[in-house]
Amino acid sequence: MHMADALISPVVGGAMWVATAGVAAYSIKKIQTEMDEKKVPLMGVMGAFIFASQMINFTIPGTGSSGHIGGGLILAILLGPYAGFLTMASVLTIQALFFADGGLLALGSNIFNMGFFTCFVAYPLIYKAFMGKGYSKRRIVFASVLTAMIGLQMGAFGVVLQTLFSGKTELPFGTFVLLMQPIHLAIGAVEGLVTAAVVTYIWNSRPEIIERAASGEAIGNVSIKKVVAGMVVIAMVTGAGLSWFASSNPDGLEWAMIKTAGTAELEATGTLHQQLSDLQTKTSFLPDYSFKASESEMEQVVGEGEEVWPAVSGGTSTAGLVGGGMTLALAVLMGLGVSMLKKRKNRFSA
Amino acid sequence: MSNIMDSLYNMRLLDDLARQDTVIHKLHPLVKLLATVSYLTVVVSFGRYDIGGILPLVIYPVMVFTLAELPVKPIVLRILLVSPFIIGIGILNPFFDKQIFVLGDREISRGWVTFLSILLKSGLTVTAALLLIATTGMDRLGSALRMLKIPRIFVLQLLLTYRYISVLMEEVARTLRAYSLRAPKQKGVHRSAWGSLAGQLLLRTFDRAQRIYEAMCLRGFAGEYNTGGFGKLRIGDWVYLAVWFLFFITVRFYNIPMLIGSLITGVIR
Amino acid sequence: MSHHKLEVKDLHYNYPDGHEAVKGMSFCIHHGESVGIIGANGAGKSTLLMLLMGVLFPSEGEVSVGDVHVTKKTLPMIRQRLGMVFQDPDDQLFMNTVYDDVAFGPRNYKLDENEVEKRVLQALELVGILHLKDRAPFKLSGGEKRAAAIASVLSMQPDILVMDEPTAALDPKSRRRVMDLLGSFKHTKIVTSHDIDMIYGMCDRTIVIKKGEIAADGATSEILVNAELMEACGLEVPLALQNCPVCGTQK
């Protein structure tokens, strides 16, 4: 469920980055005030563990297929929510850099979807609540499965919302939800069962690890209440905003979402565009025809946010095709030229 | 299993590439990070019907590839393994948007255009991220993050995770090898061994973390990660950044292929 | 040079689960000595090293370096003078380049970057891997990793080197190289190992540990030839001193 750069708009990507950075900064502050420097190497190596354990295929009984874990819940249980969130963040960062899972712009969303919901919502509200009554094998299994499933449902829903807000796909909201949620119910069940098996094993052989993590995280009731309250406020504000758009636009909720993302973009580029086109009229030196074409094309570029399908005439589309081909040829030529220059230089210096 | 070896090979390849000594490699890591982020932003900011405008952005990866003398094949192979998620989501576009338009003398549905646009963007963004790491390396990227005032704790933890991925992957590979040798007909790990297999790996990881912590303490670690000094940005770094910024902005506001195309077709006419 | 001496007085240590790992050890190691510590698995060697380094604190008795007791307060000072090389170099090389790893210690002591560089290059030169300074640890061979781990300790300029199994998992040539390297150092050396031949070749003095107690302490040349003692402690006389299997010559 990694969001990819290609599916996200700068506005959504940026907003999710801000949210993630905020949660990360808060978590770092928490760890620093706990003065638990011992946790830093543990977090580092646990990140590597999650990476490596994602390579293990667990056979799912009765299906013949196998699944692997994401690791968010195990991190929250063993390291506490703050350190768990940060560790998940570094795992996802390395995945984005080395394996092109997700992307750098979408990284904020991915950390939020896979880290925040599990560590700061599902874990404290479900898992901790269950374990407050004491540990037992059955309780561990039940709590893990429920927490993993709910955490992943929220994460998957996050993916749906972010993708729709970004407006890069044509998928209607309902279809997308139907595609994403059920499959993540199954993924969540596997994640929960494997997590439960591992936690039970550790609880049997080295109970102090589990107990220390649960007691040492100093997750005061106040702070978690703050987090949840903050989320509720944000959800209400966006919800109110969205329903306003929905009621003013008969085409449905998803249409409004795309529109909000689009207009935000439009405003940002609007004034700059104006100045640039002024500049362009002043410094015009190209033949009339091509200049006009470029101007109308620019309007299309900016107007795209409003979902206006560019009324392309046969002539301009041919121009576009020819120009596109030329541009690609130019790029290849530039590459070849530079590499030839470099080779010649090497030969001379050698 | 082959999965693990693939991932290890991939990480080592990128790490090796990052230790070359070319014009691009010598640039300040911060400059490369900023150029990459602005490139990604510009690529992604294009609308879903706009393919032509993006095309000039192909020049960036082409230039970095050649200037950094990177082997094209292994990296392009990586890029082709684009996340199935993107294709899965994108391939549905033609089904939901069947409106037809005319391009040249052919009729194409809008859905295919948006699908193509998603694929193109995905290719470019994935390439840019891989190029960043293949020309910079994780350690220098870490120092760039420190320059951006990312807290020490996070940077140290990130570097540690990167460092121990290869160690733990080898450990997992050994464990799985031992498992599969004694469970020849199983595709994955049987449910009865879920807890003990992953659990023991985890306990060993905890012990290793403890030893690493001790090794750090014995060399004076007291909760603070001290990096060495950072190199200053030189004129070349500023020029590199400025040139790309200018290029990206130009591409964003002028549809260059359209300009070239109309110039040519205009002349012909 | 009394300030280089390392003294252990009536040392006891109990693990939290009640296991008594060290029961009343006492010894004194003087400047320039090179001491081998041997014993069967679980005899208490590793626990002893942890106590020397101040990673664990004794339940009873004390460790002092020079005239300073090892306590929480004196740790930074103690650790500058005692350098420890871990058994698994992967635990010790936690940074992503050899250079950064060797620089980790000096940087923690807030030396200025020029001094750090000088020390790093010096340490790498000393162990003969200057050319590997920009390598990633996973690109090193076992012997190179070991050398890098030793360099990471040398850059702190310690007086005493403590080493846990420095020749473990090395091929014969790398093992020989590490032994020659260690032999060339003038530091006080404390080495634990199951490689009895290495101890025989490198250490003048040997301490034998059995079930948390010192079973013998004296000149290597006397202790390691004592087959009865070695047998009783779960050890063996060095191969170099055993009967030749080919020609049957008695040694």
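Per-chain residue numbering starts at 1, and chain names A, B and C are given in the order in which the chains are listed.
Simple rule for what comes next: a residue touches a chain if its C-beta (ideal position, glycine included) is under 8 Å from a C-beta of that chain, and two chains touch if they have at least 3 such contacts.
Just so you know, these numbers come straight off a predicted model, no measurement behind them.
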Task = Could you tell me which pair, B-C or A-B, is linked by more C-beta pairs in contact?
result = A-B
Key: Identity of the most central chain, Cα criterion   = B
Query = At what distance in angstrom does the C-alpha mean of subunit C lie from that of subunit A?
reply = 48
Request  = Go ahead and note the Å separation of the Cα centroids belonging to subunit A and subunit B.
outcome  = 14
Task = Could you grab the centroid distance between subunit B and subunit C? Build each centroid from C-alpha atoms only and quote it in angstrom.
result = 42
Sites on subunit C at which at least two other chains make contact = 94
Message = Using the touch definition from the top, which residues of subunit A touch two or more other chains?
response = 41, 44
Key: Where subunit B touches two or more other chains at once, by residue number   = 138, 159-160, 162-164, 167, 208, 212, 216, 221-222
Ask   = Can you list the subunit B residues touching subunit C in their complex?
value = 12, 15-16, 19, 137-139, 142, 159-160, 162-164, 166-167, 208, 211-212, 214-222, 224, 226-229
Task = Would you mind writing out the residues of subunit C in touch with subunit B in their complex?
result = 50, 53, 55, 76, 79-80, 82-84, 86, 88, 90-92, 94-97, 100, 103-105, 107-110, 113, 116, 134-139, 152-153, 156
Ask   = Which residues of subunit B touch subunit A in their complex?
value = 3-4, 7, 10-11, 14, 36-37, 40-41, 43-53, 55-56, 58-59, 62-63, 65-67, 69, 78-79, 81-83, 85-86, 89-90, 92-93, 96-97, 99, 101-105, 110-111, 114, 117-119, 121-122, 125-126, 128-130, 132-133, 138, 141, 151, 153-154, 156-165, 167-169, 171-173, 176, 186-191, 194-203, 205-206, 208-210, 212-213, 216, 221-223, 225, 253-266
Inquiry  = Could you list, by residue number, the parts of subunit A that touch subunit B in their complex?
reply    = 1-2, 4-10, 13, 24-25, 28, 31-32, 35, 37-38, 40-49, 51-53, 55-59, 61, 64, 66, 78, 86-87, 89-91, 93-94, 96-105, 163, 167-172, 175, 193-194, 197-198, 200-202, 205-206, 209, 265, 272-273, 276, 286-287, 289-290, 293-294, 297-298, 300-301, 304-305, 309-310, 312, 314-324, 326-328, 330-332, 334-335, 338-339, 342
